[in-house]
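Two complexes are shown next, each including chain A; its partner changes from chain B in the first to chain C in the second.
This part shows the complex of A and B:
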């Protein structure tokens, strides 16, 4: 260990109020040398950085490169640089716009429903005695733990309009719903299932957020007459905002990437009404082997998600 | 809240690390020694067929101590892209299964080893034992690219209880499976008229799956999807339109079938609420497990001017670039599967070797032998490089037509136009473009 002072201009240790001397920074023993002191932190980051670069940044950059070439695995022609042609094709591709529309429809229905329901249930469960909260939280969280393949197959049977469970239960009421056979209904059915399947995670996060709000605020509020609905609007909601933002952003990003539900339950049907953008990307790249075009579509989705996320951060920013 | 203190975390971490290292070590050693050849065998047998195949793999491994076959199963709908990517990366399994419709794509991509040297070799195989219409799908310029293992044929399952209740029986009171359009409609109508069960309405027929049901019917009308040279799209020709119109009439005019559902209507048959259904032979184990259902099996009735139905095959393919020992072992396993395809047939398949179908053992497999009667005239869908893309268009047209959102003619016209567009992208010039 060298006793060499890296910063000779540093002032000498000052005696403190109680006569104790604070040690100058260079007197604290570091494991080894200057290099480690300066870059040691990065060493701890290294495992993550390696994964981050090799599985996120690299594929992202490579994907962008792919989106600029005409890479069709089965085409007799060799892949060539085509510039923005893939993006131009997307703009004129009616299937792409249909997929975008289907995705927007899903996001527009699923996000408010999931968040609204999760918030409602979080507040309701939170008002229960502590002992019983765990049970309800678990019940609502449970569907999330089921893999989408299993959940999807079961719901597919529920939804069968002729031989399924739901219509059999609704029949005494004289209701018959074309759950998955009508292009207008199919997305609603997917959303309904998704709410059941995905509401658990936001619920748990929101409940944790509720627990962080000090009870003293409620007590003080109660004195000023903030009870019931007002208590929720003026105390709970503002204090929950950072958590809510987090949950909303997460849910929107997740919803744009919806895939499993439609892939299993409707296979994109009927008449492609539920073929969302992820599904179309999957079909394009892995069933039709159009890697270049598929990458371009992925990048377009990426841009949409980033845009939406930025807008939300702006909207929710603390004023 | 779960709280871990540092020493606990450290211990956990060490434990995980040890477990991981032991895992790596174990997988590195494996069973057996250096003298054993490992053959990786990929397929999509994730259903009950997977259990049958696993039993066959075990038997082979026992009888051949110098070879170790390792089977990997994945669902068909993601299987091909995994196989394709593995092949591109040079990590293809030594042996894999291709369904007939996917065969051309992989063959064109030069993934498959021609087998003539093995077929004509010392431990060879008599190819004349295979059915001509089956073997020609794997024959390319005189070279055999695969050994077909089976044919999964579309046939008719019918509910014998409902047939008896509707009085569709012969002089001995035995249910009588229809073979003509008239008999089929009569049976379907009478079963529909049985009315409600405790679970709901009874139907004469249901479209269990759109694509294979409609393609099966279309072949009876003499329909072709493409011209012989593959450059002309004939999916909207009168024969195809007639087939779709007939299917639509079952729902709209005759009202013997419920509106189409994309999938899963098979459940209706299992619930005992459907008289007849067309499905592949591979669904048979599903029915056999259900003892409450008295089902019969028969060829599908003839609706058009000729007999016809849909079929597909599982083809055993060897990867290119194997060394001599691997190739020899892989071939031995392929022959083993082919020679023992009666074991395979037990699980709901039809063997494609005539000598095996003639055995008493096969004749005793009820549904399999009934469905096998159709083998000589059953048809595969045309396999080309854009097969999945044109099938998507076909499916879309069927959905639109059978939901009466447009006429069958219009739906198929649209499909034809879209398929031509796909062909152009693949560098194939549709005949329509010749004039311009």
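This part shows the complex of A and C:
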């Protein structure tokens, strides 16, 4: 990595091709001046690069090394290299697979709902008079600005089986839902809350994408009878495709890292039904201080996420 | 034909209003309910409080020994402002160097920085925790401030913006004897106010709302930020919804104010991330 980072603080390596010995002593400054002109700009980068290498590149490499080590912070034994043992342990760890299953369930439900709602609302809002579009967009975006503790605690109160607002509102209809107490319902409740909390971001991106479609396309399409539903299927959707895919991948990546919602609202329960992978990593590393195993789990999650990121890059190149 | 399309448009707008109301309703409900006495909160009797009370706020603000909410508020402000200042400073300097100075190896370095946008920060928590432990920064605000400067998003955003600034201005300044640092300070930064505002607001709100960082890197209750403090205090005051809601309002109010004033920049920043460049 550091080979890409000529360190500006290091003494200037005198370029020998300038043949210092053939020059008068008072000209010795010239090459270093040239060096400064060439590399001096790195001084602008220096503060960022120090942080970038200390808190991004180093942790990335260090984290991978940790995943190959048996590092228990609470154990008196020195950490020892164990090769792929941590990864092998994960493959045979039923808690890991349960967490993966819970995560997949969340991703599988949340992504279609978030994207579906965001796309529907983006198209509908876009068809309204320009003056009011911003206002509606703002209202749907507002929940994304609220910290997860507040959002989570509020929804926990909504979902409460006794004093909960939702059941109180459903009572006249004779419906009672075990929002958080039933293992099957708990994840649905988390997804419902997450749709509310996260749909604003894809909505904003999709609306910006819709604005980029030239009206002339719609006008030309209208002559050929592309209005209403057909206009959406034959003009809007194909032209929006690249941004739609970007938003889908963004949402998938974010959803794989779901943590705050389940941590605050259900605390992983009931019966670990909502303990997602980030939550399991948190428990492993910061409750049991198994840093090696926690790192291995992080890297497994990273592999899953990077796979989706690479898909995204392919999608981008196609554009 | 004209009548049905008019009807359709009304229907669409009605649907949009309904969804918008559903999205804002929980926020408004929190504000209203925080003024209700406990009895009214537990038994839902309508959206508006029957009896308005400041009791919840008085209780939560009146016991600084038990609930150090002013301390948390101060910590949150201190950390969020420091992070914002740090990110704006280091990102704009780096972005200027990468976008404008034609550094040897600059393109590769820029690519390396951009590539880390794919790295979810969550997966770095364990190694960063151990690095902070080595530095002795755990349980101090530094643990939340300094690592935040490493993110690539700010460099990326400002780099794209700086690229779009016409070169003539810089050249004119250079002819007038302006140094590179002078150009950065007197030409580039003033022209980039919208991009800096976008990044600054993003960073501030992101840091203010951060939950996982303070949860993992902080230990002592008096070091907490508001979001973690509220989560903790929910566990010890379980089912005291009035207090929780009042605390939620205190935590959310600054964000909502920032948001209502600067939503233009926030929306633009997010929209930009999806579009070309």
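As a working rule, the second predicted complex is superposed on the first by the 256 of 319 C-alpha atoms of A that agree within 3 Å, B and C clash if a C-alpha of one lies under 4 Å from a C-alpha of the other, contacts with A are read in each partner's own complex, and residues count from 1 in each chain.
Keep this in mind: a contact is a pair of C-beta atoms (placed from the backbone, for glycine too) under 8 Å apart; a residue touches a chain by one contact, two chains touch by 3 or more.
Note that the structure is a prediction, hence the values are computed from the model and not measured.
Taken together through their common chain A, the two structures put chain B and chain C in a clash. Contact with both chain B and chain C is seen for A:157 once the two complexes are overlaid on the shared chain. Shared-chain residue A:286: touches chain B and chain C both. When both complexes are overlaid on chain A, the residue A:47 reaches chain C alone and has no touch with chain B. Of the two partner chains placed by superposition, only chain C is touched by A:59; chain B is not. Within the superposed three-chain model, A:209 lies in touch with chain C and out of touch with chain B [touch as defined at top].
Judged by the touch definition given at the top, the superposed model places A:38 against chain C, while chain B stays out of reach. In the overlay built on the shared chain, the residue A:165 is in contact with chain C alone; chain B does not reach it. For chain A, the partner that touches more of its residues is C, with chain B and chain C as the two candidates. Comparing 40-48, 112-120 or 130-138 from chain B against chain C in the aligned model shows that the clashing stretch is 40-48.
Of the residues of chain A, those at positions 157, 163, 168, 286 touch chain B in one of the two structures and chain C in the other. Those residues of chain B lying in contact with chain A across their complex are 78, 80-81, 84, 88, 105, 108-109, 199-201, 203, 206, 258-265, 267-268, 271, 273, 385-386, 388-389, 392, 396, 399-400, 403, 405, 425-427. Within the complex formed with chain A, the chain C residues making contact are 9, 12-13, 15-17, 19-24, 26-27, 29-30, 41-44, 89-91, 93-94, 96-98, 101-106, 108-109, 112-113, 116, 118-120, 122-131, 146-147, 149-152, 155, 180, 184, 205, 208-212, 216, 226-228, 230-231, 234, 239, 241, 244-245, 248, 251-252, 255-256, 259, 263, 266-267, 270-275.
Considering their complex, residues 72-77, 156-157, 160-164, 168, 171, 178, 180-181, 266-267, 269-272, 283, 286-289 of chain A touch chain B.
Residue ranges on chain A touching chain C, taken from their complex, read 1, 4-6, 38-45, 47-49, 51-52, 54-60, 62-63, 66, 117, 121, 124-125, 127-128, 132, 134, 136-143, 145-150, 152-155, 157-158, 163, 165, 168-169, 196, 199-201, 204-209, 212, 243, 246-247, 250, 253, 257, 259-260, 264, 278, 281-282, 285-286, 291, 294-295, 298-299, 301-302, 305-306, 309.
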